[in-house]
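So the structure is just underneath, and the comments pick up after that.
Just so it is clear, A, B, C and D label the chains in written order, and each chain counts residues from 1 on its own.
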Amino acid sequence: MEAEEFIEKLKELLGRNLLEYHIGRRNRVFVKVKNGYHRDVVSWFQEMQAHLSVISSVDLGDELELVYHFEIRPLEVGLKTSASKAKPHIETISDIYPSAAWYEREAMEMMGIVVVNHPDPRHLFLPDDYTEFPLRRY
Amino acid sequence: MFPYRWPVLIRVSAVRIGDLMDVQPFISVLIVPGLLFTSVMAFLYAGMYRKVRARMQNRRGPPFVQPFYDFIKLLSKDSIKPEKSGMLFTWAPIIALASVLIVPILFPIGGLSFAGDLIVVIYVLNVSAIMLAVGGFSSGSPFGAVGGSREVTQLFAYELPLAISMVAVAVKASSFSLVGIAGAQEAGGMFFYQLPFACIAFLSIIPAKIGLQPFDIPEAEQEILGGPFVEYSGYRLAIFTFANQVKYFVVISLAVILFFWRNWWQFLITGFLLWLLFIFVKIISARVKTDQSFVFFWQYMGILALVDLVRVVI
Amino acid sequence: MEIEAFLSLFKKPFTVKYPFEPSPAPEGFRGRTEFTDDCVGCGACAAVCPAEAITVRDEGDTRVLKVDHGLCIFCGTCQDTCPWEGIELTEKFEMATLDKETVYDEVEHELIFCEGCGGVITTRKHMEKIQESIKDVGLIDKDRATIENLCTSCKRRHFAKEISEAMSLGS
Amino acid sequence: MDMVVQFGPQHLALAEPERFKVHTEGEKVVDVEVAVGYNHRGIEKLAERKTFEQDILLVERICGICSMSHPVAFTQAVEDIAGVDIPERANYLRMIIAELERIHSHLLWAGIAAEIIGIETLFMYIWKDREYVLDQLEIITGNRNHYAWNTIGGCRKDITEKHIPPLLTALEVVERRTEYYIDAFLRNRTIRARLVGTGILPREDARKLCTVGPTARASGYAVDVRKDDPHLAYDKVDFAEIVLGEGDNMARAKVRLLEILESVKIIRQATKAIKGLPEGDIAVPVAEIPPGESVGRYEAPRGEVFHYVKSNGTFYPERVKVRAPTYSNIQAVPTMLMGDTLADVPISLASIDPCFCCTDR
């Protein structure tokens, strides 16, 4: 499945909620999706047996962003969704991809994103009584 | 040298100071086959073990007397007794060492001997194995407990073929004392070709008895951090390792006496050769699991020993 | 494995008795970082060092460059960056020591000061190298002498004054 | 007797601190709780404080035995952002050192695995032969580990004519010895008794938990970044991707040992290829990094190393996200250990070739 065709399919699936997309070198595709719609995209990926590499968390200043990195051969897709710093609530995808649970736990403790109905929201790397969010920049 | 066959009185004449009183038992307990000789041989065996193992692994290896240095070093270190550990924590190594030291006194190279001393040997070796398990349990750490339980299960595993093969030898030599067995072998030739199956069974038990691969499951360093030894330190650890090293020497020489006996210097040489064989077996085999060792001992070795026992009895 | 184990009993061991027998590092090994005589004290290595192991300090009229081998990660970035091969990674790797002083490698350079404001320009050696590299490029020869020993800010002020005078003369 | 045995932060079988609480009934494992974080050094935060060039050396020191994986992934991500194509020779140079590192890392693992199940001799032999590879690495790059080989836009050093002959002889020795070890692992009965049938990871679980590297390939889940997303010069050399099906400890051992033979083949082809290329043309100057983001992926010895780099136009990265292969493989450990006995726990843990300092960053 080539990048353009993939974007068309996404537009079909999401319509307006596909906020922006960018096709980079070597089949890298970055797609920004409105908060809440990322679960349908992830379940579509799951049907295509995509491989979840990692979930990174980025601090955009006034917003906190989660980037779901999937590998759908031959594409390398970065599915982005963000929430305001005041109310950083993003739905979990650990029921679709079990390995996402740990990545989400890391995002929670490092960036302060609140992942809604996460099975086990304990700290992963940092000590349990550590309250600040080290990876926040602004 | 020591004419072992004749009753104690004659042997005493070879010792001038013996005229005052019967000093022979003190010599055999304290010096020749007793404490001094055994400890020297134990350190030699352990040193050889580490040197040969290193050489076979392309390494230089520590000097031969390294176990002696370790023993002295450990004695100087302070020994920590875990809070949860019982009184047996201190006594287990001491009893283990004591029980293992009794066996060489009965060896037919100038030692004491009496009618059924083979039974004493079996019993005493088991005491030291149980003391290892007791040490593990009383150390209060989960690793010690697991090590202890493994030691006990392994004890049951190899007890069956051990007892059967020993009884086979005793019946063959029609005497339950080591001196008797040695005498029978001297007259009728070594037992290992007359009782091949019992010999194989006995030799396969030795790694389990002294804790060498492939059966050193109780002290599996990688899995349970040395099992019973995990909480020991200082002089307690020194005694325990020394007891273990004495067991190397004792069990190997027991095998030589039961199956390969001709005379006392040939006993020493065969002891070293057999020890080389077991070091070789140790370095080329991995550690098996408890259930595998159980199957190995009860099915294969047990039947082998039984075949020989039946052959001898009929 | 069995045969090899038996045969290696009679072979020489593979291990080297290191402290008693030498075990030299190969040529090109990135070992102890040391300043060479060609160092001019420009401080480029300090700027680029990832571990900030090289410190530059101006004390009085000398500039002291110091490499702290406790921090140094032996990556060779300084060696690659230095335009005059003033710092290099030798093949020495035995750096264990009890004396804290041997953990450093220092070099000192004489500083030259600006006539205008008295501030530090750079080290004398550095200035010589600069002169050497730009002598055929050349400034306008007549001005060379006047601004040769002015620091950058004084030079700027000097040229600004010159230009403003030229403009005021012009108008 | 239901017991909790703690393979605690300090344990002989684990080279690095990580805690596994193993709930057992008798000797059978019932449940495993994994606790990570003992090695967390905040490398991602530190990476935002250093320039791209310095970050390469920082990222190289995340882990001792995969110190070529992180820099390659990181530099490729930055080169994608900068839109730079590095010279052909640089691709080959990076690939040669990467494959040399795969060989010495797999040999390291094989030695540790042998030592954990009790055969110290095999451990000594394997690590003896590993020295040949490490010596070559030391001669070529200047250090046994931490090669400082990459820069943004290419490599910092070159493999000259005189490096190649000793490298090829070392490879011959390694190849002969690896075949001997494969035979030793498969034929020795006591090793088979410990490795076959223990720590089984079914293919379906391997795929669902998105495991990577030899751990996944041994269970039949074919993920290999060298084939899926060809980087460096992997599309110009031919090598086999080793995928087995049993998914037990022996399969993982076989995959790694066979991969060593593949790596030797790759290096031979690469050394032939760089003979034809002009010597010295190893880097392209990169003036500045525009704002943007990209992903660098690399097939490390333990699996896919994943770097997400976001730049903001300055010379300091906005965000560097590092995901080491053990991060996803460690989540498969509980399913692997279920039902095994306590004696199998250390070897099953070691069978994913864990690198906890990579996982915690």
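Just a few scattered comments:
Heads up, the rule we're going with is that a contact is a pair of C-beta atoms (placed from the backbone, for glycine too) under 8 Å apart; a residue touches a chain by one contact, two chains touch by 3 or more.
Just so it is clear, the structure is predicted and the values come from calculations on it, not from any experiment.
Measuring from the average of all protein CA coordinates, the nearest chain centre is that of D. Counting C-beta pairs in contact across B-C and across C-D gives the higher total for C-D. Separating the centre of subunit B from that of subunit D, both taken as means of CA atoms, is a distance of 46 Å. Centre-to-centre separation between subunit B and subunit C, using Cα means, comes to 67 Å.
If you average the Cα atoms of subunit C and of subunit D, the two centres end up 35 Å apart. Under the contact definition stated at the top, the residues of subunit D that touch 2 or more other chains are 121, 125, 128, 188.
Residue positions of subunit A with contacts to 2 or more other chains are absent. The set of subunit B residues touching two or more other chains comprises 56-59, 283-284. Taken as a contact graph, with one node per protein chain and an edge wherever two chains touch, the assembly fits none of the named shapes, being neither a line, a ring, a star nor a complete graph.
Note for the complex: subunit B touches subunit D at residues 53, 56-59, 142-143, 145-146, 213-214, 216-217, 220-225, 283-292. The touching residues of subunit D, when paired with subunit C in their complex, are 50, 53-54, 57-58, 61, 121-122, 125, 128, 135, 138-139, 142-143, 146, 148, 156, 184, 188. Taken in their complex, subunit A has these residues touching subunit D: 24-28, 30, 49, 51-54, 56-59, 67, 69, 71, 73-74, 76, 78, 97-99, 102, 110, 123-127, 134-135, 137.
Residues 3-6, 11-13, 27, 114-121, 124-125, 128, 188, 190-191, 193-194, 341-346 of subunit D are the ones that touch subunit B when the two sit in their complex. Interface residues of subunit C, counted against subunit D in their complex, comprise 1, 4-5, 14, 25-30, 48, 50, 73-77, 80, 89.
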